[in-house]
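Read the structure below first, then the notes.
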């Protein structure tokens, strides 16, 4: 994305600072933004702690205004400096940037004593600022590719787990009484997933002998089938890695790569690899 | 299963719509059936939520009748259109289709105010309609094959876990008193499986120092041996994948195998693979 | 262990029935023994359920006597028929057989109303009869070998987990108060292992913010390091499998096996494998 | 580190005993030190059990003094015998050695009835003596290398989990009320990590239908993504193992590599590997 031709245009300079990181100004801008995003997330968290909010309400509000103003300026600067503003505004990060800026403004427009709690909810959306952090992680793509390669098989696996949860959840609803917490089928299915994934809160737990027997079967199933997604990702990741690791030799004739480790002749042109 | 010869017979047409999915009518039929199955499962779930059932009882009953009538028609149509009706009726899906259709009818024949709850249980069997969904999943076979290949080793593993549960469960019953929840050996074994599979409800938990020490050993065992099924499935899946992905072609000159998928020349003797 | 020479000696016949399974009588004996072992374990379990024991005490006592007498006869027959009785008596299975036979007799010799409960503990030892079942599983060796190969690395891993538990357990004891359940360091270590292994009973749970922060670190550590034993067993199992699966060809000259998949010459004698 | 030239200097002899383990005196010193470290850790643990401390307070104090005096002598001896004392004092093990020695002395200097509990905290630092044990484990390096190789990918994975926890924690805070335990965002994030890692204490658990639905999604995510670190470590460990285990010899005639470990002849050209 680096532009080598000389420019005097201030828009172009702004674009370089905001969107690129190969100038000193650009690097400093990125680091300040990163710190502000993390600071704003911590502020939202502290605000939700009632005892802290009561004592330091004025400080939290002031800090919130500072961050909101900075984010507003940044948002406007991004729109101005980009060549196709509409494309940015409706892109994933454009929407995230807007959503993480507006909550404080919204709390004044949609004011009123009784909707105050709902407005707080709007303000809490600022937590989505955390998604901005994803921009700074490039390596995550490698992991996402590994997950994408095994996506279909994991979907089938999850679908199978869902069917099992519905069937076992219904059976548990029939076996257990309301006292144990199995008050409806959706709740029983919720319990079944809690058990299958080996989370096990214990807020709902079988009390009858038959219920405990079935619970035992579900637990062992959950314990056993955890091997399936692990095995899939493991094998996919290993095979992806293997394709990278093999023979780094290039054919001296046709320049094709990725030969077998013990290849003598090029698999593409048939000439000897080592002459 | 596709029949290419022209047919005017309505039975044959019906068969094509119901059992096959390569005509437009067949595809629409399948999608409607899929939606109705999911709708019927959601209805059963909502019915089990007492507060919802009290408010919308009339709606739930009406919707239930609509689905039951559709399923009845479908069941009769399947029997009529198939060449060997008996074979369908006693097949796995034939029984599932029947069981998911009859509960509402049964609730009228075996009526009486006191057996109403038991009849509700019959109606809940309709949840097994979800098994019909399996028909639409072809890829699940691949996963099932991976599980089948490691079936014997997983059985041995589960058997070992069962023996461990019986021994540790009995020891915990001797160590812990009734107050902690270890009231009988089966209950202690239930606790032991809850712990070994790392579910950990906490409805039963050791209170004595010796009991907590033994519980610690069981937990670490459970945590350690989860590696065994995962390792087995992982290795089986990886070896299955390797066998599927490779080129099965043999060089016509030197007979060497396992060429790269896009190989033109033999990597061993250099001759063309396809002449 | 099969003896081919003709024999008329009844001791030899008895030995064949009890210790071997290649005659019809031997097979039937093994199956009856297997059923009785499982039955005796179920009886011990039912006896521990107070409500069941109160109602069917006479039946349980009678059934217990039948099994004890059969086990006594079996134990004596094993001693008579074997050539070196002492070696059998002091072998692992000899001791298990004795321990699973004597409890009922002991309850008469060491009688007295106040020691009855302790004697019941002796009787519960009969659960160890389940270990006899291991005799019937030959395939378990394969799994045990896989575990043995990675034994040292898993020991180091478990030792590291223990050190982590001691350090984190002590820190949590300092951070959390008695009210949350962290009453002593051993109890805090117990909690730490419950958390690291992702069991999570919830009988002890951090209540302070700092405690919850540290708990979060421990959980993520536990979740992350579960990958280590799984990875080890996975890799060991895969490499063991690979050694078995390779080239089944035997050298026509020196009969050595396990050649590389693409070998032309025998790695042992140097002759061509295919002539 | 072994010094072969003859020496009469007592400092050198002391250095050999304390820092090296190839003389008899050195071995005995190491074993005594190991036993004392474990004993001191057990003492600290027992001291924290109130009922035990009340009964055996005098014994615990005496044993504590014996160990502290031995550790003091050891610490001074280490400083005297080493050539560069400053380097030892400020090394990792130097600081650990000091911290595990001073608590008992400190409890007399910073005395006073009201700060006694805080001083106890100092004394508990002796638990860090356990870190000294790490010295005796050489094999742990292998495991640490496996973890180091996959360190970056696991960091990205943990960072992704943290983002998910913040987003889902905030959503749960909005959905659930204070009664279920979701009193602040940090607490909701704590709950979210408890769920994602499948620990599941149950001290905080969703009570509303929407909350339980979202919890279900979080659980399945946590169950699914556990496959990622396992797959990474598994693949890294397997590739590390493969590189270590193979024969590194090359055929002197045709230069082919990766011979079987017990190969005498080259599998490619048939000549002897060692001539």
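Going by the order they are written in, the chains are A, B, C and D; count residues from 1 in each one.
Heads up, the rule we're going with is that a contact is a pair of C-beta atoms (placed from the backbone, for glycine too) under 8 Å apart; a residue touches a chain by one contact, two chains touch by 3 or more.
Please read all numbers here as calculations on a predicted model, not as lab measurements.
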Most widely separated chain from chain B, with each centre as the mean of CA atoms: D
Same-interface partner of A-D, chosen from the options A-B, B-D or A-C, over half of the pairs matching: A-B
Interface residue overlap between copies chain C and chain D, same or different (over half shared): different
Inter-chain centre distance, chain B versus chain C - centres from mean C-alpha coordinates, in Å: 30
Distance from chain C to chain A - Cα centre to Cα centre, in angstrom: 42
Contacts with two or more other chains, residues of chain B listed in rising order: 186, 198-202, 226, 230, 232, 234-235, 238, 258, 268
Of chain D, residues touching chain B in the complex: 198-202, 230, 234
In the complex with chain B, residue positions of chain C that touch it: 41, 44-45, 48-50, 121, 124, 127-128, 130-131, 133-134, 137, 139-140, 142-143, 146-147, 154, 158, 161, 186-187, 190, 193-194, 196-203, 226, 229-230, 232-238, 241, 245, 261-262
Chain B-facing residues of chain A, complex: 152-153, 156-157, 159-160, 163, 166-167, 170, 173-174, 183-186, 189, 195, 198-202, 205, 209, 212-213, 215-216, 219-220, 222-224, 226-228, 230-232, 234-235, 238-239, 258-260, 262-272
